[in-house]
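Comments concern the structure below.
By letter and in written order, the chains are A, B, C and D; residue numbering begins at 1 in each of them.
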Amino acid sequence: MAQRSSLLARTISTLIILILILVAIAVVTKLAGSRPFERTVVEMFIRVMLVVGIYIFVGNSGVISFGHMGFMCIGAYAAAWFTIPAVMKQVSLPGLPNFLINTQLPIFLSAFLAGLLAALFALIVGRILMRLSGIAASIATFAMLAVINVVYSNWDSVTGGTGSIVGIPFYTGIWTALGGAILVVIIAYLYQISRSGLALRAGRDEATAAAASGVNIVRERLIAFVISAFVIGVAGALYGHFLGVVNPDAFYLSVTFITLSMLVVGGMNSLSGAVMGVIVISAIIQLLRWLEKGVDLGGTTLAIPNGLQEITIGLVMIIILMFRPSGLTRNREITWRLKGAGKPSE
Amino acid sequence: MTLLSVDNITVRYGRLTALRGVSLKIEDGETIFVTGPNGAGKSTLLKAIAGVVPAAEGAIMLRGQVITGATPESTARLGFSMVPEGRHVFGALTIEENLMLGAGMRKDRARVGDDLSQVYDVFPMLKERKDKPAGVLSGGQQQMLVIGRALMTAPRLIAIDEPSLGLAPKVIDQVYETLLKLRDSRGLTLLIVEQSSTRAMMTGGRMILLRSGQVVLEGDARTLARGDTLKKAYFGYGEH
Amino acid sequence: MSRLKALGLATVFGALISGPALADDIVVGFATAESGFMQAYDKPAQDAALIRIDEINKAGGLLGRQIKVVTADTKTDRAEGAKAGLEVLDKGAELVIVSCDYDFGAPAALAAEAAGKVSFFLCAESIKAGIPGVGPHSFSSSVLAAVQGATMAQWAYTKKNARKFYRLLDTWTVYNKGICDGFDWQLPKLEGAELVGSDTFKNEDASIASQISRIKALPQEPDAIMLCTMMPGAVSAIKQIRAAGIKAPILNGSGVDGSYWLSAVPDLSNFFVPAQGSIYGDDPNPKVNEFNKKYKEVTGGDPSSQYVYPGYVLIDVWSKAVERAKSLDADAVVAELEKMKDEPTLFGPRTFTSEIHHQNKGRYLIIETTNGKPAVVDEWTISEAIPVADLLKQ
Amino acid sequence: MTALLQILFDALSLGSLYALGALGIALIFGVMRLVNFAHGDYIAFCVFALLWPSIDAAAIVFAGNLPTIILIPLILAIGAGLSVLSEILVFRRFRNANPATMMIASFALGYVLKNFLLMLFSSRPKSIDLWSNLSQQVEIAGARIPLLQVITITITIVILIALTAFLKRTRFGLEMRAAAENFTMARMLGVKANRVIMLAFAISGMLAAAIGLILATQTGTVDIQMGMSVMLVAFIATVIGGLGSLPGAVIAGFLIGGASVLMQVILPLEARPFRDAFVYGAVIACLIWRPQGLFAPKSAKQRV
């Protein structure tokens, strides 16, 4: 255990710093922010859960997955099935099995089960997909996302098809979302320093050497795949309770690319990178949205034309990647020690 | 006239220093052997000259022009042709296509034709299979092809990294015999990374010994090979 | 719209939007898309609504008070939609007007419902855009997609005595499925009409060759093809059907109304679209042609499709309900709205009941395109309203 | 019999689009190990170049009115120019970045292009009548095939032959094939990196323009999302075909086109909406069976 505790001692500061940052944001928002701004921060915390969820698999295994937003879809719809009032389910989702139509679970239990369902699906599919690596793995996970999207968009009696299903109780406020984000960061941290996490990281950096020393790469990847699926499934559930309405199109290409961009721009191989990527990009987007709404600088309102916000955020991402190809945190964890750059954990 | 001069170069891979303050001068028509244990930085030296690996410090001059930091293609166009470790034939291209690739950059289109026929004379087995994909060749045949390919660029200096790697002794003799014939017929300058000091001794020319990124010994191949100074320098005990 | 026209539009509505909300102004909030995919569909209907507000303000306002407009951009994003709803509510909106599409409008409408305010979908044609999908204070000013499918089926059966129908469904959106559901509901009620075949395609499919081959493989060409689709894939499907030599009449939903896309299918004929009003200047009701002229004056361009009109109807019925209720209290206004029975509007009667805040029956103009020229040829109202139970079952 | 022929033609014409798309992506992946997600937006950009920017519903046809002999080279040049420009301004700086960074950079570029078009043309699809006289019927061995399908297939075959000749016969073609297989070794033989990469981007841009023109003629619409679905399938075809292998990409493109058409024909009505799920399922099976792709280049060896 000595070896483990020294690793813990060296890296625990990263976890504490990240949690403090998240809590600080929540407190400042609660004090200063308006209601719409509060919703922006809640959405950001859910994005932290998503991007850190992807990081658990992509960051540790080095395999770029395009499919993880499929788990968000499974989670969100599962939460909808568990929590929509029975009377509405009978009408809009007649295809659901009877026991499901009549049950209405409390929010946290349903979110947990939603995560489990996503993790179960990941376990079944992962057993096949995890054998692949490199670009073949990226395509296979994208194909998984596409299959989930097509099924959820057309299985009308169970998912309401391409239309949105309504009636999911509003629940995710700023504190629930903050709790979710902190929980996910802790899970990611614990996994990262766990035996399986370290073995997977070894496999990522030196595949042959790791395999030679008995690391079963496929098994370790599967563990990361299932954990990340659980986390993203729960995030999907919280998203459902945040928006109140769920639609398959919200879990397909655009959310996949924005979350992957945040991870890569933040720094793909470090937990701090995943969290900072979300915070920085969300801040820039929000800043540009204010600019678009018009900021009155002493009488004259300066407003950038509509649509420029998207172009600018695209350009900003390219520029960041140009000067920091390995991301804002340069794949290093933010740590306590101020002398010199923090001790890289990889 | 000094064809190539390497002046105090240092090369780093991340935090690992592969070469530290290495200098080297090669005169026109000379044959230089670079030996040393594994990981001494022999291949890195060649790659640094070729421009495949950036030199953190120091300067490299080829035919009077500074080429430190230049792209591999501009160094190649100046007459420095490198055959890297592991040969690297273009498997999907035919043998003739591999050869013609080398000639692609040459201005003197007319002489390319007879260079090709000359390569075929020197390596007849390449001519028989010239339309077959290069992937089908054996190790020795591939070595012949990459040397032929290097020749097609009409170089002033050919650098070869471990030509004998993975070849039967008989084939190695054939390769060296051809190299020397070409050296004499074309007045080529040769820079060869070679593990076996006996091979260097038999061929003659100058030898430098690299160990953990530094030049520890330099001198005529034949004299050094005989004495035990080479053995001491090779294994790092003795003078320091 | 070149920069000059946009400027013209801004000045007209400038007074409405930027001025500070005086104490006794009635605030109406638009939580619609000013950028992204939905902008092209929300903006025309919103302009029509602003025209009606302008008319009311000029005629002395509502309950003696001027109507003040506040806006928030949903950016065609669901999470942003909820924020836009909250924003206009925070600015004191009594009425929250949301996106033309149910999926993009629902978040803002739910925010309004939670705040106990009336919300109106600009032109959403799904049954969810109202009580089932949002709540008791939510309405849509357009007509259900199912009514379009039913109207086309009954009209083609009666006026074109079509008997053999073929059904081609684009599975991309709920709107498309809504049209075909209406068609499926109506068909069995038509004595002797039969479905000779059915198929699906995806809006983004570059080619629907195999679907067309299946139609051509039928013993004889169907009397009518019910095409349940919308832009952009509709144009490619229609073009490929006609290119394959299939001359049968094509029946559509209102989604393909408009002449802006007709250049892609030169001299298209035998093509029928139901519309609440005609943008081609030949509407039987002269006031509609007047409205078109006014719309062009104000926005600088003719209406591009009939989806402009529900915006005008929205403010029309809401303001009447407020006048009758003599108060802005949401429940009172909703009660008045639910009393409306065939309430005459410029674009067909509107009926709201406590059971359905949408139109499950409506007067549609039948617009036929011959040689690339669309024109009003008939008017039709389905004989029997589609029961709410059937609508919800889809 | 004619039904079979009909299916063959449907599969070939859809397959042609995917093959051209896969070729455009494989060319760039070959020389730079970059999967260019902006490729779909190049397709849309080239077709919008036919129109004058306006956010009115009706399209103001501008370059689209030019006679064909000027129109086609102009649009191909625009495609090549846009692609080369993106290489110089963006991708050149990512030459030795890791694949994930390059992938996200290409996605961000695509996002910028998409929103640029959105600002100029608004999101409502525009209609354009491009060579609509091509849409009448042709009788081939009993099957009635739209002339446009025949033309799409022939154009694709002509492009494939021209490209193969270019790669096999010309010096630049030889350099590109060598660079695709072992980039650094080619440079050590004097092959200019920038020239080869720019050439790959130029050809890929022209292929995008060709796809754009075919799609615009076939569907009559110009829409910001038009390149997206072709690009996704082309991306999959490149990987299934065997990364870096140009013939592999083309054959995989036709295979996926064929599979999609076949599924559409054989699936019962209720399962037909799930057609794409079956196609993507086949993609996963294919990757499991041969992760390096069906036609991986024989010498997919470690590079210098």
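Quick note on the criterion: a residue touches a chain if its C-beta (ideal position, glycine included) is under 8 Å from a C-beta of that chain, and two chains touch if they have at least 3 such contacts.
All figures in this text were calculated on a predicted structure; none of them were measured in a lab.
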Touch-network distance, chain A to chain B, counted in steps: 2
Any chain in contact with chain B as well as chain C: D
Closest chain to the centre of mass proxy, which here is the mean CA position: D
Furthest chain, CA centroid comparison against chain C: B
Separation of chain C from chain D, taking each centre as the mean of its C-alpha atoms, in whole Å: 36
Euclidean distance of C-alpha centroids - chain B vs chain D, Å: 42
Chain centre separation in whole Å, for chain D relative to chain A (CA means): 31
Touching two or more other chains - residues of chain B: none
Contacts with two or more other chains, residues of chain C listed in rising order: 35-36, 39, 171
Residues of chain D engaged with two or more neighbouring chains: 118, 228, 273, 276
Chain-to-chain touches, reported pairwise for every pair that qualifies: A-C, A-D, B-D, C-D
Residues on chain D engaged by chain B in the complex (per definition of touch): 171, 174-175, 177-178, 181-182, 184-193, 297-299, 301-304
Partner chain D, residues of chain A touching it in the complex: 58, 64, 128-129, 131-136, 139-140, 142-144, 146-147, 150-151, 154, 253, 257, 260-261, 264-265, 268, 305-308, 310-311, 313-315, 317-318, 321-322, 325-326
Interface residues, chain D side, partner chain C - complex: 3, 6-7, 9-10, 13-14, 17, 54-59, 118, 122-129, 132, 135-137, 144, 146, 148-149, 215, 218-221, 223, 225-226, 228-230, 261, 264-265, 269, 272-273, 275-276
Touching residues on chain A, where the partner in the complex is chain C: 34-36, 39-40, 43, 88, 91-92, 94, 153-154, 156, 161-164, 166, 170, 242-245, 247, 249-250, 289, 292-293, 306-307, 309-310
Interface residues, chain D side, partner chain A - complex: 35, 90, 93-94, 97-101, 103-105, 107-109, 111-112, 115-116, 118-119, 228, 235-236, 239-240, 243, 273-274, 276-277, 280-281, 283-284, 287-288, 291-293
